[in-house]
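Letters A, B and C name the chains as they come in the text, with residue numbers starting at 1 for each one.
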Amino acid sequence: MTRIRFQQSLEELKEQLLRMAGLAEQSIQRAIEAYRVRDLSICDLVNRSEMAINRLEREIDQAALDLLAMEQPMAVDLRFILSVIKINADLERVGDAAKAISDRVRNMEQMAQADLPVDIPRMAELAAEMVRKSLQSFIEGDADLARAILTLDDAVDAMNRAAYKALTKVMEEESHLAPQALNALMISRALERIADHATNIAEDVIFWVQGADVRHHKSLKTAPDPHAMG
Amino acid sequence: MNSGRTTLRDEHKLRAKIRTLTDGLATGLAVLATVLVVAPLVAIFIYLVYKGAVSLNWAFFTHNPVPVGEKGGGMANAIVGSAILLAVGSVIGIPMGIAGGIFLAEFGRGTKLANAIRFTADVLNGVPSIVMGIAVYSLVVVPQGHFSAFSGGVALGIMMIPTVCRTTEEMLLMVPNAVREAALALGVPNWRSVLSITVRTASPGIITGCMLAFARVAGETAPLIFTAFGNVGWSEKLSEPIAALPLQIYVYALSPYDEWHRLAWAGALVLIVLIVLAVSLVRYVTSRGVLKGAS
Amino acid sequence: MGVGIEVTNLNAWYGTNHTLQEINLNIPANHATALIGPSGCGKSTFVRCLNRMHETNPIARVTGTVLIGGLDIYADAKPVEIRRRVGMVFQRPNPFPTMSIYDNVAAGLKLNGYTNHHVLDEIVERSLKNSALWDEVKDDLKKKSGASLSGGQQQRLCIARALAVDPEVLLMDEPASALDPVSTSKIEDLIFQLKSQYTIVIVTHNMQQAARVAEKTGFFLNGRMVEFDSTHKIFTNPTDKRTEDYITGRFG
């Protein structure tokens, strides 16, 4: 087997990305936990992870750039490095979304508890599962597993739309609960964004493994675009 | 163990000294070998000049031999005769030799015929020149019934063939295959490529081969004894016997006359000088056409 | 103008060595097609079958059909005729060492009997301009020998020499492998320009070069053609694993 050093560099790049993924997943878990138990110390942990995530993002991009410049990668290697760069960006945004959730939790701490008609924990569970599965498909180079994730996104989108409807109704009819409702809405949006990023990661895995560009399959749907709301 | 560092440095110094000595010794031996080879040549030439220059005068180059006892006389006819014999020999030997070389290198490579030709050429090269003379005597002089310049030229020509042929072959083989391919890839027929490209590229070497053959036969005496035979006067036709410098020198040197001995020395000097001049002239003329930077 | 090349069931032997096996492909006209593959895979042999230079080796043998511009080059034409229509540039520049630059470029014409000086002058100038060498040598055309130029210039001289006989196809066997990067770039730019007038087939070890100049690429391995497709596809997502192993360097 030739190009041993290059192979090792590719392995190292993969490991770096997986470390980044670990941090991102951890941030999601912590943010959801903070929401569940309303513990501000966990929010602090999320903030600190954010810095680590940003630093890793820069390192991974630099390593990928070096490999592109020095090793003239072709075909599958080229697609792999390109996917790593994109997944890198998606993971960083996942970290941002987790931080957004943790900020909302911090905000809600000062408010009274409210029973809102939205199942945040369920949404969070789905989104987290999507992220976990998409990273699993990356680790194993499994395009079929990646494709399965693409369909899960619809469920999360539906839950987000339902949350929008329910929470706007709450804000109209029980205006004293408006602050909590607004925060819940933003958390729901953040979770929906996390699910989108998981979808992107899955699409990038399919591109790497099969060379097929399956992005923007959603643009073929005729349902109202949930991204259009404020 | 003794103090390692100091001993190592001394050892290096000693080795360096031995190396320098060996280098000097080898260079010295090489120079000595060269001197040993060149010295006899130089000695001969100096001796020739010493012995021969005194007898050189205008008459030597313009008069024919005169009977013993008479004053004057020269080797004009021998000089011209040698020139004619060499011309005839070249006309016979050079084209055949070159054609043979071209065949061996370009058209017959690896064939049995080529091997046979090469073998024959090598054998021919080894034939003693006296035997060559006798052979041409039987083949040309006897049927014709008389000695002649023509038969002398034939003998010399045949002797030139092996050298010209082998050198031509070697020089052609040295032409890189890339040059041949370049010509063929242009859609040039093979025969045209061989003549216009390959032979032309090898021509400096081929010419050298011809000059080597020329210089060698210019001094041959034995083959001329039974063919050209010699002549005291001018020859009018190629079918007449003709004088030649080496032949004349041979006859005069063996004679009991001092006057003729002196003429022989002069002849030998003139022979060598003429050969050198001829070769240099050819070199000069052919190098005029060479372009800047050409190989 | 260039012509297309259709190769059907081409097999080639050197003695008993079956160098090319069942090669089938169509090389499009007025495009550059690259042939890649490891050493000894047969790509050079293949290219030499296209102008019958393969036959200069006495133990060479060919079966199958090669149509160049519709003409069956083995059944319906002689080697000498084909080689005037299909030019070749070799790996190591090989200008004729005893000839001037002018004579080198004009060699293909002069050796085939053209003697009209005006016509030759014009063709030499046009060929040298087409091979981007004119400006560098126009003052020394008859004074300098072909071998006195630098490596990159010599190769462009060889290209001019090949172009002077006005071929329809230009075969290039690793034309830049002996040259430095700057000369290589010049040759590649040249190929780009020549594409519009000639059909170019370029054998190369350098995959980045194939990617830079050729629209189509063929991958040869052990005497067979494994894959032939657009250069884009071969280098981003080849179909055959062997192709992928080769271009990613995982061979062996």
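The criterion applied here is as follows: a residue touches a chain if its C-beta (ideal position, glycine included) is under 8 Å from a C-beta of that chain, and two chains touch if they have at least 3 such contacts.
Owing to the predicted nature of the structure, the values given are computational and were not obtained by experimental measurement.
*Asks:* With centres defined by CA atoms only, which chain is the most remote from chain B?
*Replies:* Comparing chain centres, A lies farthest from chain B.
*Asks:* Work out per-chain C-alpha centres and flag the one nearest the whole-protein C-alpha centre.
*Replies:* C
*Asks:* Look at the interfaces B-C and A-C and say which one is made up of more C-beta pairs in contact.
*Replies:* B-C
*Asks:* How many angstrom lie between the centres of chain A and chain B, each centre taken as the mean Cα position?
*Replies:* 92
*Asks:* Using mean CA coordinates as chain centres, what's the chain B-chain C distance in Å?
*Replies:* From the centre of chain B to the centre of chain C is 46 Å.
*Asks:* When the centre of a chain is set as the mean of its C-alpha atoms, what distance in Å lies between chain A and chain C?
*Replies:* 53
*Asks:* Sort out for me which residues of chain C touch chain B in the complex.
*Replies:* Going through chain C, the ones touching chain B are 51, 53, 56, 80-85, 87-88, 90, 92, 94-100, 107-108, 111-112, 143-145, 147-148, 158, 161-162, 165.
*Asks:* Going by the contact rule at the top, pick out the chain A residues touching chain C in the complex.
*Replies:* Touching chain C: residues 1-3, 6-7, 72-79, 211 of chain A.
*Asks:* Taking the complex as given, what residues does chain B use to touch chain C?
*Replies:* Against chain C, the touching part of chain B is residues 176, 178-179, 181-189, 192-193, 196-197, 200-201, 203, 290-295.
*Asks:* For chain C, which residues count as touching chain A in their complex?
*Replies:* Against chain A, the touching part of chain C is residues 207-208, 235-238, 244, 247-252.
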